[in-house]
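Quick one: the structure is below, questions incoming.
Chain nomenclature is as follows: A, B, C and D, assigned in order of appearance, with residue numbering initiated at 1 for each chain independently.
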């Protein structure tokens, strides 16, 4: 009953096989092998346009390099208060940009409120050096609290950004989970809705370590090769990342893995809803679920083998916690089995 | 006939198997799994003392984080003019340190001359803010031109460094190749000779992507967890790096792989020496060989399937190139076969 | 009727004379002249202990270097949402620290609420690299909205900081204005209350350009000489700054200038309170006053020669603005005359 | 007999008067006062074109911000090994650029050799990320060893730079000294010869603290307002710097001061040449002279009241030092009197 994080998972067999397949041979290092090129082409097809793709090893580096590519002195990045770049990256964006500031916006259910964004960006008067200057909007899709921006919600935010000349970055560490839930195609919820840069994650969804930084306008990535190398994120044997993506995108593996994770989460949420020992903290839509349950109940579940994390209450989410109730995060992943979920739910019905 | 670079190689079967073995299960993310801990212990045993180990994905990040850990404002790092941090890392050290300067020293055969180092460090008067301040010595073992510092040579340099209070970093991207050639044990050519930090490379010697940053004095690494995370170099599924090192260090795999690479290089060098169509540019001792040969000869070899790179003439190496002669670098790796070497040597004897 | 900012003022005659006095001679450059040393000693006397003093030219550099001196990777600085380092320095702290984050705290009347601070710092679990690490508390004395921390209020905040091992910085761009209002001595409202570093401002209070960065524990400033030089803030002819401070501190000039500014502000506030055309937005105590008045009234005053700025409504201050009412900031300075104030107040009583 | 440095001098009376003149009034802060604008216009006239001018307080900040304005990740700045940015700025350029590298070139008499530059820049293959990328050429006029680039020499270097698309920065801390010696006009030895950015110094030549960063193509300075503010180099009372420049440029004050310094240096050099107790180390042309003399002779001069610094032997200058001979630097400045020079020369003729 592993619900700690999708980062605690292993790797899909197809991914491992792809790595093994590369092991025997030789190929050009540093991102210029035939395989690298082929997988880059695959991204063009996936997004129905020519994009610039850069393979890196971590989501944090992907996000930080994305924003470094559009950096400005005294720059301000608008993002949700609960976004990964704010909460979980130890100042990586600030570091890669030499000190850009993350403007933390509120909004219900982990999603930026367009009014909040508009207000915040309006406070920056043009050419007023003291305040610094707006430089980008960064969205998280799916959000850190398991919710998803609809196509319309993305468009509402990017429109405000573009009005001010700001490029839009999307942190897609769980992009696949959002995509399968929305039932859209990748182009329609990214560049066609005004997204300029996408951190396209693979690691949380079955890869060993594979993140792709995708620029929908290749010109915006002109300095990225140097930014990536300077940051130590150009792998010599990049083809082992390319190979993971080749397998990941082949035969809709990525969509199948994400769909499975999501389905397991829905099964879990249904179970929780039917229980009187726990309740959902808020409605979520991806492989992340958040529940309130008694502290003793949590201890009981853990003793029985369930692994999950107590979670700090996110900003902007009104939760009425009962006495002695705690908030926990439950994440399913591509490896989660129905049996694991069912055992967990069953335990929720058990007498302590 | 793949002699382009050890970075063009694939991965050893044991390494791939170790990755596959981790794929099925779950484990704590971000470097705290049982496997991570076990492999960290393995490093303690390897170096016969308690060390602090940090797994990262690239040699460049390893070097840059090592020096960031001992950073000072206006800091100066003393290193060889031909070192990887100078020539091949796009300013990664300078970036991670917020602007430290690499003081490029000369020395024969790619190794820092102690007198040069002493002179250079002496030019920094204590408390003279204008010049900045010495902050570290960085050695490369084996060097970028295929040579190796003896134990005594290491000691001579670290003694000067420590006299000035400077920590010593060793870039060991090819540490294994040096080690097997010297026939020493790891502790004796590192901390027992005054080395404080080691970039212990695995990628060039059979891993997919595995580099370990080793601090012989764990206190020196106090800020490293934050430096690594901030730089985007903390992998979520670190155990896949740990697993590579577990296999790498088990049953002397790493030594066997390096010994094979070195042996293939020696076979290659012997072949070149016996040929009248090429000659060694300087004596090298590891899996890197440098040869002078005619431009037409090079073209002929390439047409026959040999892959190698023309190489810029390193500083501090007196080479008398003949008319129309070029310098080439030939690198063997753990996958190189005797047959590959022999075919290459045979071609050198062939009539064009 | 100049109420735009104390930064718009000129310089006190004593300051100019001190500059002129230095013009004829020669002296050691870069902060080591006899005068520099003498003025440094003067600071020891002023603060009743040995301090380390560094002269710089701008308040922004003083604040940024103060925090750079206690920098940590992934560092978080706790400060008020309305502090100068947040609102008015174009990311200078973030830049000098290579990306530290400003944690913006709320609190009534421009002063940090201790509970808010305690909560915010508690959210950083020890050794949890993802979130980064607390590195300093920064207070503004007097605050940006014209209020002053009492000795007890300072102590309450520094106690929390020190419990977590955090050094405390005080931005004292208007330190003199606070001091004369509190009627305390400099030591009693700084290091005796737990302040570790003080940006001691002179520019806003009669100097041409003179800021002193004071470390109450000189050991904390060990790297400051290099940080200052590297940042381009070591003046060659530092003695012209030292001379300004010599005159500034002689015969209580600084206290007299600040007392005058404050008195003029009180006179102004009394006038506003007695008017029915304007009202104070909140109670302030220094040379900064904030008033609400009708837009037409403001235009009328400006036409009559008054210079002042419309001001964005600060966070954490509940102001009930009437229809068509605007918030304005009125700053007096050492040059403000009673006549200027009286004319302004008189105009407030005039029929439009 | 003050020959330590032009930085040890005071300030010209006209400069002090200009400061005093500003002291009484009020004006817009942060560089937008009428005076700031007027002096900016003066620079347009001086350089016979529209330029973008930024006032700062130190030469180091001027140089570092100039190069930050044209920064690139992994950037390499080509400059002379003896340039101020290399030798005397504690890594300020590296810091402001987030880690650009200074490529130290040789060349006789402190001036970059065009062949050396061409070679060095050629080593950077286009799009070869490992090495980083060329980003600027930086010249020093007059050089740190008292020599001057002729118009032709400037042009030869800028032509190579522009061929590679590199902007050219000129460190003009002693620009006035070079200018009066060359007998050219400012435009003819800067942008008409391909210089893009000029650090125009005033401090060493009679100002208290006044440096102007001049961009001949204002578009190149688009981010400079933010870079300057972020670095803490935007003074609130900028008009006190503007006022210094107003006086400095009025009635050719700057040229007269520089001409005087130069003339005193020539008088000094003539005296040294006629002495048999000292000799010029190399021919210099500005207010900097370098002499070789016996250690005892130096002690004798110092005892008699002469102030000067022993100087490390610059690279690229062949000097045959006699036994017990030392190299000293002798700098005259706008305050140096004929009498001072003559006394010094007389002492050189005296019996010890």
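Heads up, the rule we're going with is that a residue touches a chain if its C-beta (ideal position, glycine included) is under 8 Å from a C-beta of that chain, and two chains touch if they have at least 3 such contacts.
The shown structure was predicted, so the numbers you read here are calculated from the model rather than taken from an experiment.
**Student:** Shared numbers divided by all numbers used: is that above or below half for chain A and chain B, i.e. same or different?
**Tutor:** Same; most numbers are used by both chain A and chain B.
**Student:** Sort the other chains by how far their Cα centres are from that of chain B and give me the top one.
**Tutor:** C
**Student:** Please compute the C-alpha centroid of chain B, do the same for chain C, then give the distance between them in whole Å.
**Tutor:** Between these chains, centre-to-centre, one finds 51 Å.
**Student:** With chain centres defined as C-alpha means, what is the inter-centre distance between chain C and chain D in Å?
**Tutor:** So the centroids are 34 Å from each other.
**Student:** Roughly how far is chain A from chain C, centre to centre by C-alpha average, rounded to an integer in Å?
**Tutor:** Whole-Å distance between the two chain centres: 41.
**Student:** If I count partner chains per residue in chain D, which residues reach a count of at least 2?
**Tutor:** Expected reply: 30, 73-74, 89-91, 95-96, 98-99, 129-130, 132, 226, 229-230, 234.
**Student:** Which of the residues in chain D come into contact with chain A in the complex?
**Tutor:** Per the touch definition, chain D meets chain A at residues 30, 68, 72-74, 98-99, 127, 129-130, 132-133, 223, 225-230, 234.
**Student:** How about chain A: which of its residues touch chain C in the complex?
**Tutor:** 73-75, 87-91, 93-102, 123, 129-132, 312
**Student:** Residues of chain A touching chain B in their complex?
**Tutor:** Counting only chain A, the residues touching chain B are 2, 4-5, 7-13, 15-16, 19-20, 22-30, 56-62, 64-65, 89-92, 95-96, 203-204, 208-209, 226, 229-237, 240, 307, 335.
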